[in-house]
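This structure is in structure tokens; I'll ask about it shortly.
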Amino acid sequence: MSAAGNNEGARTGRALPWALVTPAVGWTLLFFVLPFVAMGLSSFTAQEGGGGTLSNYSQFFTNPAYWQAMVNSLQVTAIVTVVSVLLAYPFAWILAEQVPERWQRLALMLAVLPFWTSYVVRSYSWLLVLARNGVINRALSGIGMVSEPLQVANTRLATVTGFVHFFVMLLTLTIFANLKQLSPSYRKAAADLGAGPVRTFLHVILPLTLPGIMVGAFLTFVLCIGDYITPQILGGNNELLMPQLVMMQIGRRGDFPLASALSIILMAVVTIAYLACARWLKIERT
Amino acid sequence: MRSIARIASWIYALAVYGFIFLPVVVLVLFSLQSTSFPIPPFTGPSLRWYEAVLSDSRLTSALVNSLLVAVLSSAAAVVLGFLSAWGFARFVLPGSGLLRGLITLPLTVSYLIIGMGLLVLFNWAGVPKSLLAAGIGHVVINLPLCFAIIYSQLGDHQINIERAARDLGAPEWKVLLLITVPVMAPAIFAGFFLSMTFSWDEFVISFLLTRFETTLPVEIWNLLRSGLNPKTNAVGSLVFAVSIVLVVFFELTLLRRKPA
Amino acid sequence: ADLNALIWCDHSDPALLQPFEEANNVKVNVKEFEGTGAGLAIVEQSQPGDWDVMVIDSIDVPRGVEKGLFEPLPEDKLPFADLFPQVKMDGSTVVGGKRYGITEKFGYNTIGFNKTKVDPADMQSLASLTGDKYKGKVAIYDYYLPVIGMAALAIGKKTADLTDADLPALKEELLKMKANAKLVGEVTASQTALATGEVDILVGGGEWVTAGLAKENPALDFSIPKEGAVLWSQSLAMFKDSKNKDMALKFIQYILSPEGQARLATSSCYWGMPSNTKAALTDDRKKVLRFDEQPGFLARAQAYPSPNAELDKKMQDMWTEMLQAK
Amino acid sequence: MNAPLVDIRDVSHRFGQHPVLKNVSLTIAAGSYTILLGPSGSGKTTLLSILGGFVNPSEGKVLIRGQDCTSVPPAKRPTTTVFQDYALFPHMSVGGNVGFGLRMQGIDGATRAAKAREALTLVGLAAAFDKKPHQLSGGQRQRVALARALVIEPAVLLLDEPLGALDLKLRRQMQDELKAIQKRVGTAFIHVTHDQEEAMALADHCVVMNDGRIEDEGPPERVYARPATRFSATFMGESTILAGTVIETMDMTSIVTTPVGPVSLSSVLPLGSTAALAIRPEHLVLGAVSAGTKLGKADVSDVVFQGSFKRVLATSVEEPSLRFVAKLPATAIVHAGDRVAISCDTDQIIVLTD
Amino acid sequence: MNAPLVDIRDVSHRFGQHPVLKNVSLTIAAGSYTILLGPSGSGKTTLLSILGGFVNPSEGKVLIRGQDCTSVPPAKRPTTTVFQDYALFPHMSVGGNVGFGLRMQGIDGATRAAKAREALTLVGLAAAFDKKPHQLSGGQRQRVALARALVIEPAVLLLDEPLGALDLKLRRQMQDELKAIQKRVGTAFIHVTHDQEEAMALADHCVVMNDGRIEDEGPPERVYARPATRFSATFMGESTILAGTVIETMDMTSIVTTPVGPVSLSSVLPLGSTAALAIRPEHLVLGAVSAGTKLGKADVSDVVFQGSFKRVLATSVEEPSLRFVAKLPATAIVHAGDRVAISCDTDQIIVLTD
């Protein structure tokens, strides 16, 4: 009776279905859409005294220090997304294909265990790991591999490392799930038709997991470009990313209109990324 | 050839595990540092920073706040998400596609933007900053997640199960209570559990929307900014331990009972 | 009853607050902020009566008064006589003949350093900060006013006289500092960098960085270079709309009391000189804070720049550009 | 015949613009076993859903026991549905499932359990009372679904492809059981399938549907032997179809030319009209015989042994686009490649006039 | 017969501790259509996977064209598999799918496309070249999978329940096509199913498996008419089974007592041994006759019209636990409730000795 679903509405009347969906829709309108509108309106005001103005936007586009933050954010996010996918994919693949079935659950649990430390603390911990006198430098100079300590902490590389750490875990989960969902017969069929492991991977496994990768990559993009903690703790303020710039407007001067404008601009960039990935981001019923 | 590839993949996997665990191991190790700097050389072991954490009432009350916000906001998100998912899956509603898109939209927006929006709105409306405000923000980010998880599980088979109940004389509320909720329990639980996880670790919304009473991540942030010492490591390690206990508990009790 | 205090991070130390809370059976709710601009913005977004006391840079007290936020303080109930005279800062804390702020803590934004890693002689000149010798070994304290003040000293300007016209030169000086810097960090991040050996020099550092860490790392020190240093001074003010003025006054009295002063001076976020000469500090703590050398230091110190709103905005933008510069 | 138990009057249904049922009228007698047979998309499920109350027809009425039930919700109708995927409640025991309908009627636990046990005994699953559905095999689940529906004693039991998910052997076995249970309880069963053999095995009354219409209805023997339409002839069992034109009509007989020669029929057809003649596989005779209608020669292309018979495909020599499908006894000796004469019993030729 | 195309020698396989194949030996002739038939879990898929190279047997060897292939990977074997879920690559067009094997062989695009088109034409899907698999129906996908496997000209084509996902009507149609294609290309097909009718419709050689062993093998006619084991007799087609004891043996005949009377058989059985006698439904005769073996009387419980025949269930009067299953011509006149004499053709009684 599958095709004939969705018919209850005809008889139950209109009241019940609306009663069911209105709270969620209302909540989203009230606490997501309306704030967004408020933020949009606020972005056209000046901090001192209201009145419509484009000055917040013009400030962003004319001051290189401001739009440089967007450039930095896009660069960091792009690097993080690509590196995370490249690191996570083989890892997820090994977990899904090389690790014996009964150990897989454990292996995966182990891989996501560090998720359960606090995010803030994890970033801070990376700072200590990467510091000039941190664990890595002590270890490397201890075994004589470096004479001068590596300068990683408080650089973009540190920010990227902190991000990649988080997103490798996240992407491993999504890609692993994707690989497990693939029917084993695809792999068998490719092998059967003469493809070696490499070509099976390139022609079959990779394209079939691409949608999953895209979803994971998009998620990485959204979470990464909007994150304040990691660059703030690890980047040493050597450059500003968009969320830092936004928080700075609030934290230093309480300039909400400018912070709003910057948020709106950030949102516009996320929207472009969303549109690029939209076809992979549908939620279907099984 | 094959064994080389095998060995290479083992090495790779171990390297990734190493990368993943490095900060956590360092975190826990230096939480046992007896001096003030959580960097080598190791001077411990000592539990003094754990004592310091446990006697810090701001941290302990933040922990309670965090739990409270996580449980309540997740419960709200799961209830709203479940009801709407059920409504959309079971009834033909005009503009259903658009409305579903609307509900899931926050999933594609950075937390910072959501937090900023609420901050601006609440400022305008004169709503004071509070845990409640942060909780509202957490429902905003978790509602789409719960909705998506539950909606994707409300397939045609579930439709027939509900029809069968209706057919056997169950009124709508009994269908919901006796059939849909129990059958959907795994998805509902998954939504709740994930929401808890996200809420528990969420920083920026709580940071922007709370004032005195705040959540643990924000309090940890404050701690980070109020002096250098391994107390941060100790809090982090405690959170880690508590989380693991919870995960293992859920794993052993709720998740195990899956029908074969 | 609750007391709502808008404060800097040093006031959030339980060791400071708890004795007061217990003695007066009150809960002190604290909200931290960074710069005066942010603090005033928080007040603007609150309801009248939400706040009872505020910590504010002494030189910024008039900004709060202009907005009509503060209540005059009863001089007779506060230990004005015991304060270091140089930090009473009547020029800012007294407006229209009424006193609105009382300085509670002060110190210097100058050069903090690790004396085992740098030549202490070099630390006697701000020029060392921009020379090649310490490239990559320098951190900059992430607060625009004092560091711009230091840049002003470096180019031979008085902090009190800065105008728009000085901005290009200041910016150049800042960019030179940035080029040398490993990082730019707020209080704890810059402390951490210096303490853990991430950097050897902290521009804008002072006793507030080194004093608290002296026990763990005695190599940390600060200097007042020949060009002088920037004096930071924080005041307490009471809100006009406070619903709990008695308690607010009690709080201010407590902070200014010898015990309160000792606790504030050595509180966990950063240490600093107590403004009250009678602060109940132990001798070794006094030594760490260089209590006895203060008269000499104060003589060579200049206050924070105090730009008007327009210049302030420009200075902040200049700071943003400095952060973004490679 | 009394007033019919179910009376479907001029029911039409559209999903959006798409007409799915077109003016369907049908009556169901009490105690009968009715099969709705038709290809995928012909509207069987829709018609059943209208009977069950899950779909409101766009037009027309449904009367059950003389009462207009068209907009009565499923819970209030004297019908119960057995779903194709069984729709057992996975979180309840088998006993809980079967007792659910009684629970909704407010019947106390003890009575409920007793009745549920009784119903499970009826379907031969008394021992499964405390099991969970996932512990049962497909066939057992099917029986639980049946017991759950029967225990509330509906006037009409609706079954939507109840055996579709079972494998052949089990399907046969369940067909026997379904029929036996229906005879025992005497409830009217309305059962949807697209399997002709299932229809013949079960139906008292067989309703052939196509494209939203009822093409034919009646006892399966009649539908098979004298299908009303060409569709019905090809859907209910295989046939070889000969197209021809009536060239002569006499008293009681007509002669039709076909590509394989003239065929004389004992019925009167309009002269000059086209006619389609259908011949069932078991009525074709291979090899020379004296009696019957000659249908030319054919080359045997395939002989498939099917246990109790052989299925033979042969291509007409006279008309190469014509393919004969014949069923011969298992003992018949015929091989692919043979060229044989084809004939059939004249009386068994079915004339289709549409 | 030449050297067999495939020679499976003493293959055993275990998954962990669980033995799944037990000493299986089997040879496959070039150009033959072999069906592996057996119930779920009998090891059919495992055996096919061993042939395809997806599973390495715990013991034994597989020779293809005389060469030991036991541990040759799938890519290097002259076998290709058609998977039950088709395993069409969803991101490639139909043409891309069919050309995939050739592409892996390094064949250039133009040749590939030409050959893929040819293969698609063979399965009647020339027009689908540029479509994506999800745009095709189940039967069409099945054919694409077939074309994809055939285009690389394997010596042996392996099919694991290739029609399992299709509905009955489509399944029948695809059976005819599969057989025709196999005849046309001449490749040896090895086809797994648990549907006895499919086995009879397709097989040149039928292999009945049970519990990891080969119970019976041979042409389907032989397996049906003279099953080697009781399992084979009940799995391949229905039977009525009579249990009995040999009470007399003579020159060329034995007499077996059964609950419905003594049966005389034209074969020599050990005196005193128990024997099971199987009688196919089409060999039972209802009503008094003079010839044949008498099997007592029975009450007809159900008569099902099946188009070309009637299926009759009857319960023995002498032994109420015995149920006769008979197939009678459609014209036979018999009704539920009748009490009839039962007999059968003595020659058609199958003696099962296990």
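To keep things simple, chains are lettered A, B, C, D and E as they appear, and every chain counts its residues starting from 1.
Here is the rule we go by: contacts are C-beta pairs under 8 Å (C-beta built on N, C-alpha and C of every residue); 3 or more make two chains touch, one makes a residue touch a chain.
Because the structure is predicted, anything quoted here is derived from the model rather than measured.
Of all chain pairs in this entry, the one linked by the most C-beta contacts is A-B. Most remote from chain E, judged by the distance between CA-atom centroids, is C.
Between the Cα centres of chain C and chain E there is a gap of 90 Å. Chain C has its Cα centroid 38 Å from the Cα centroid of chain B. Centres computed as Cα averages put chain A at a distance of 54 Å from chain E. Averaging Cα coordinates per chain places chain B and chain E 54 Å apart. Shared contact sites, meaning residues of chain C that touch two or more other chains, fall at 45, 189, 192, 196. Contact with two or more other chains is made by residues 53-54, 73, 83-84 of chain D. Residue positions of chain B touching 2 or more other chains, listed in rising order: 39, 123, 160, 163, 224.
The residues of chain A lying in touch with chain B in their complex are 1-2, 5-10, 12, 16-21, 23-25, 27-29, 31-36, 38-39, 42, 87, 90-91, 94-95, 98-99, 109-111, 113-122, 124-126, 128-129, 131, 133-135, 138, 165, 168-169, 197, 218, 222-223, 225-229, 233, 243, 246-247, 250, 256, 259-260, 263, 266-267, 270, 274, 281, 283-286. For chain B in complex with chain A, the touching residues are 5-6, 9-10, 12-13, 16-17, 19-24, 26-27, 30, 38-41, 80-81, 83-84, 86-93, 99-100, 102-106, 108-114, 116-121, 123-124, 136-137, 139-140, 143-144, 147-148, 151-156, 159-160, 163, 172, 197, 201, 203-204, 208, 216-217, 220-221, 224, 232-233, 235-237, 239-240, 243-244, 247, 251. Residue ranges of chain D in contact with chain B, taken from their complex: 52-54, 73-76, 79-81, 83-85, 87-91, 100-101, 104-105, 132, 134, 148-149, 152. If you check the complex, the residues on chain B that touch chain C are 35-37, 39, 56-58, 123, 126, 128, 211-212, 222, 224-228. Chain C makes touch with chain B in their complex at residues 4, 9, 12-14, 29-32, 45-47, 50, 186-189, 191-192, 195-196, 212-213, 216-217, 268-270.
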